[in-house]
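Every chain is named by a letter (A, B, C and D) in the order it is written, and numbering of its residues begins at 1.
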Amino acid sequence: MKIGFYPGCSLTGSSREYNESVVAIAKVLDIELTEINDWNCCGATAAHSMNEELSMSLPARIMAMAEKQGLTEVVVPCAACYNRLKVTQHDLKDETKRKRVSEILQLPYDGSIEIINVLQMLEKYGAENIKAKVTQPFAHKVACYYGCLLVRPHSILQFDRVEDPQSMDELIKVVGGTTIDWAFKTECCGGGFSVSRTDLVAKLSGNILEDAADRGAEALIVACPMCQSNLDMRRGAINKVIERPSDIPVIYITQAIGLALGIDAEELGLKRHFVTVEL
Amino acid sequence: MEKLRERAAAILADGTVSLVIGYEEGTKRPRPLFCHDGESARKLIFDSRCFHNLAVYLTKKELVGNGRFAVTATISTLRSIMQLYVENQLSEDKLLILTVDLSGTLREFVTFDEISAYVEQFELKRGEREQEILTRIEGMTREERWKFWQEEMSHCFKCYACRSACPLCYCTKCVVEVNRPQWINPWPAPVANMEWHINRAMHMVGRCTACGACGDACPVGIPIDLITRKMMEDMAPEFGYIPGLPVKKGNALSTWKLDDREQFIR
Amino acid sequence: MSKIGVFICHCGENISATVDVERVAREIGGMEGVAHAIDYKYMCSDPGQTFIKEAVKKYDLDGVVVGACSPRMHEPTFRRACAEAGLNPYLCEMANLREHCSWVHEKGEETTEKAIDLVKMLVEKVKKNKPLESIKVPVTKRALVIGGGIAGIQASLDIANTGHKVILIERDPSIGGHMSQLSETFPTLDCSQCILTPRMVEVAQHPNIKLYTYAELESLEGFIGNFTAKIRLKAKSVNYSTCTGCGACIQKCPVKKIPSEFNAGLGTRTAIYVPFPQAVPNKPVIDRVNCNYYKRGACKICEKTCQVGSIEWDKEDEIISEEVGAVVLATGFDVKGTDFFPEYGYGKYKDVLTGLQFERLASASGPTFGEIRRPSDGAIPKKIVFIACAGSRDPAKGIPYCSKICCMYTAKHAMLYQHKVHDGESTVFYMDIRAGGKNYEEFVRRAIEEDTVNYVRGRVARVYEKNGKLIVKGVDTLLGGEQVEIEADMVVLATAGVANCGSEQLAQKLHVSYDPYHFFAEAHPKLKPVETNTAGIFLAGACQAPKDIPETVGMASGAAVKVAALFSNNELVREPIIAVVNRLAPPLYSTCVGCFMCETACPYNAIEHEEIKARDGSLIRTIARVNSGLCQGCGTCVAFCRSKSIDIQGYTNEQVYAEVMSLLND
Amino acid sequence: MSSEEIFEPKIVAFVCNWCTYAGADLTGTSRLKYATNVKIVRFPCTGRIDFLLLLKSFAQGADGIIVSGCHPNDCHYTSGNFHARRRWIAFRSILDMMGVDVRRVQYSWVSAAEGSKWADLVNNTVADIRALGPYTDYQKVADYLEKEVQDGEA
């Protein structure tokens, strides 16, 4: 299986382990990732809260570059980037906007590229094929946490059940894990307020962590760098505000699968987390 | 072919049918043959040179009478027969169809479905002639097409051979004979000719099976079969049917879909 | 040669201001076949009409053209005038000189010339007009009412009381519908069953009503005044003529754990069952899906217990046919289940209920005998949350409309709860309170003020279970969007009212149209709320849109009056604007060759097969014939007919052809 | 006609009684102005409109034609307009094949509530046809015998 690859900024910085684990499992599953040449930032929260044209142009350039490279399908592990690219693609269905953007970019853009997230890539790859490659079943009871950006707005992303998504749970089951039925799958973790309003993040992420812990989850499984860092990096702040401080680790779905595929923790970047991962 | 003759003779003999319509050797090319007895059935031939669409006779009561009769059918004839079934012009209990397939074996059909199952395998393709002329026409501008047809139509002297040859022109009173009002003047004249052929095409929408009989019949060689041919090719995708393969219920014009596509309605 | 009279109206100044009416009259007067042409200030006035009547007699006119306003306005007026003067009304046509000419153009040459053309056109048409007789169709004075809820019951009784026969069919084993499931009713809090059951009994006993329960409509053929309904009587497996309804079989039935439809799944019932104690008819049916005998071929305990031997094991569905003149659709509505709401637990939490389920809890005849208890553990909920607009007014959920009844019944529920659980605490999350209706607003105020129900304006984002409690996370938009979190013992969703299952198929059987949500469509949103687009079929109650009991009853009576009005005539009179297939002398009989393309084209199934037979009875030909009762006169068939064998009266080929020619000939 | 004086096209409108005719009535009651070139022929339904009428109109010297009825799903007869739509799809492609100028036939949906749409439709169509000029191509070949018969009849 060959597929285009857009890591995005987080995966080269705060969440390198996500990048590492994606690359690692891709290798084992022999999925050939072709990184987009000279890719740029998707604009994240900042751009679209300030300037519409900019917020569309940045993702549009990424996709235009991919088109230029002849890619037809691109996997975007970062939920935020995934969301921005999809939303832009949707907005640029509008003729006038598309014209405007391509004149800003000085690049042709036809929006034909299919943007998918990691979960979709693995679904495409096929549960059976993954199962076949499992060497050490991921025998853990975990809470799959999707966050906001992966599933909302449903009208645009058209991915999974918006209030009670299942795709990650399915993948965990495929690699031998069990998932808890809980209430905070798609609650907000505090997102971009990580720095400016750590208190808020502590409260919101706290609720999530607490519920997962209370229901006996050994770990939180995520597919979004922002969620991961809030739940992991901000654990100190979180544990200050919640009743029962918790040390359950927060790992990426790709890391969980990586472990099941027998890839060693180092390579999956499991040593990079703030909350020690012992799984 | 021998088998065909034997079978024809047999069914005539045992009274299964009172008539077998087929082909016999003609002076230049095969011509239609009406066998009422085993004797004449021996003259029957059936090969690639037989192209007359015998379906045209099947709706003529004075020829076929009220009894059961048989016809040796080419693929075109089969297509026409299917359409005639759809339009209640033939009844399955009155008709027995004989044909010889590519492998040379004799086949018999009665019902619409039997024929359909067989005809399905044959795709309706443009022949060289059609291909040549149609690509030429398709290459023209609108004005050129208008000139082209004006020129062609100027030869038409309204002999209505096209009408007589067409198996689907079975109306007892044709629209040109309707005179209250006189929609289309029966005599040859530029507009009247134009109207006649456009009208023919409209009447053939969803019905024509592109047997080409009209074109073959035209004594002045106007490629009129291509008007219906083109129409059929254009409409097939629009209304989602397979060219030359009639469907049982409702023709393209007398049915509709909520999502019929069109770009010209403001 | 024809003698046409032409009458040009000034319409006060409306036409004459921009059109030179004198000139129009003058020029038309000179037209071939025009015997008389005048202009007058107000043609529709009494003197104006008198002019026409006199002219018809004086010049013995064989056609009249009135150049005035739109025919959609005054065609009937002038046709009547002609009829009174002894001229066939269908020989009168109107030229639209006002809406289509004087009002849309400036004063000037062209305007007058256009006016002349328009009149000319109609003169040419009238020359080809033929006298027509309006069509009379007989009326079968029996009504079919589909659905035995309050709407169907009311409609049946009203029709029956006008002295006409009614056939009432109900899908379930008993009539009563949703209303019989309700505890108390707003705004009066009187017991639903107490007011309904007498009506149910009345239906059963009414001499003019024939009741078929456990029956469904199979098909409906025909047209207004002349329908044939095929009705499927589902096998009850119990002989009602001998069954005494003693109920012994029900006591003994070993299959006891079937969720009861009547109790909205909260209670259970047996395999042989009467849906509820006050059922009409109060006799059981066997639910073959769950019955041991039908499942495994063994049991038959009910048969042993039955004193009168009423059990009929191998009884099969029966299809009967009834002739009726009108149909009332009263198939009601349904409510969304809790499983429609992922954010509220996808129906996996036992103590998250629908409003209908709460009705059963609150009902004295319900599974808890009127005590509010949690389905999960039978405990009495101390904290209860009601969520209004669960699904309704939510485009994301595909239900953008307001279900209308929820605001009221939610207020009622909260009220009932407070009356039953005095130390209880109830909260209602709402978007808006829609309490339009007599004493409705007052009712809601009472809930808030006297029964201290806590109303929170805001949506609930999520409901989830945590250590035996239901955590309700919502927002209070009146307190600056403050987040609210309630640990509730029970949550009641005022789920959206939706079209009843199968309504789409039913609509297709009846050829009535339905809206995107599968509610049946009324003929006109304002002026024809109980009619459908199919003549002779009427609507009553929530099958048209969610509505409360008073509205439903009102609508049902409305439909009943429409039926009664229809039945007040022995025959129906219709405009003769219909298609006809030409008939000629033998040997042709008709130019129709019977290809029946018209048949597939006709939206009303009005094309019939007519067999032309010789004296000896042998079939000569089969040609098309138009059923004048079914034909609505669209003329689609006419445009199809290759041999021009079918034509439409009032818009014949000759007429329209003449119009077009006159317009362009000069 | 000399080139400087503006050309007044002859346009026939075939409309259905329930939507477009009523819509045109509304144009009147709302006193919206439009060109006098268009004359309306009333039909019960677009389903009734025979393609031959369109042909005859051109033969009789029409420079343009408007065909208009109820929007899809609004047909008074539930499906007449759907039938019509199919007919026009087929008819248009045949006319085009024969080299007839299909731009001269303007199809439209105008509801009983769209008085202003009707006015615009008429004005735009008049403008378009004016731009195309008289349909002499067709009129040239319109045959004299036919004319004579017509005059004889009329």
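We take it that a contact is a pair of C-beta atoms (placed from the backbone, for glycine too) under 8 Å apart; a residue touches a chain by one contact, two chains touch by 3 or more.
Note that the structure is a prediction, hence the values are computed from the model and not measured.
Peer 1: More contacting C-beta pairs: B-D or B-C?
Peer 2: B-D
Peer 1: Just how far, in Å, is the C-alpha centre of chain D from the one of chain A?
Peer 2: Here the centre of chain D sits 58 Å away from the centre of chain A.
Peer 1: Could you state the distance in Å from the CA-based centre of chain A to that of chain B?
Peer 2: Distance between chain centres: 63 Å.
Peer 1: What's the distance between the Cα centroids of chain B and chain C, rounded to whole Å?
Peer 2: Those two chain centres are 47 Å apart.
Peer 1: Using mean C-alpha positions as chain centres, tell me how far chain B is from chain D in Å, no decimals.
Peer 2: Spacing between the chain centres: roughly 34 Å.
Peer 1: By the touch rule stated above, which residues of chain D touch at least two different other chains?
Peer 2: If we look for residues of chain D contacting two or more partner chains, we find 51, 56, 79, 83, 87.
Peer 1: Which positions in chain A are in touch with at least two other chains?
Peer 2: In chain A, no residue touches at least two other chains, as defined above.
Peer 1: Quick one: which residues in chain C touch 2 or more of the other chains?
Peer 2: Correct list: 601, 640, 653, 657.
Peer 1: For this structure, give each pair of chains that are touching.
Peer 2: After working through each pair, the chains in contact turn out to be A-C, B-C, B-D, C-D.
Peer 1: In the complex, go through chain B and note every residue touching chain C.
Peer 2: Those residues of chain B that touch chain C are 87-89, 170-175, 178, 180-181, 183, 203, 249-251, 253-255.
Peer 1: Going by the contact rule at the top, pick out the chain D residues touching chain B in the complex.
Peer 2: Residues 51-52, 55-56, 59, 72-73, 79, 82-83, 85-102, 106-109, 121, 137-138, 141-143, 145-146, 149 of chain D touch chain B in their complex.
Peer 1: Please give the residue numbers of chain D that touch chain C in the complex, ascending.
Peer 2: These residues of chain D touch chain C: 8, 10, 12, 17, 21-22, 24-29, 31-34, 36, 39-45, 47-51, 53, 56-57, 60-62, 76-80, 83-84, 87, 119, 150-151, 153-154.
Peer 1: Quick one: which bits of chain B touch chain D in the complex? Just the residue numbers, please.
Peer 2: 137, 140, 142-150, 175, 182-185, 187, 189-192, 194-195, 197-199, 201-202, 205-206, 227, 230-231, 234-235, 238-239, 252-258, 260-262, 264-266
Peer 1: Under the stated contact criterion, what part of chain A meets chain C in this complex?
Peer 2: Going through chain A, the ones touching chain C are 154-155, 161-164, 181-183, 187, 211, 214.
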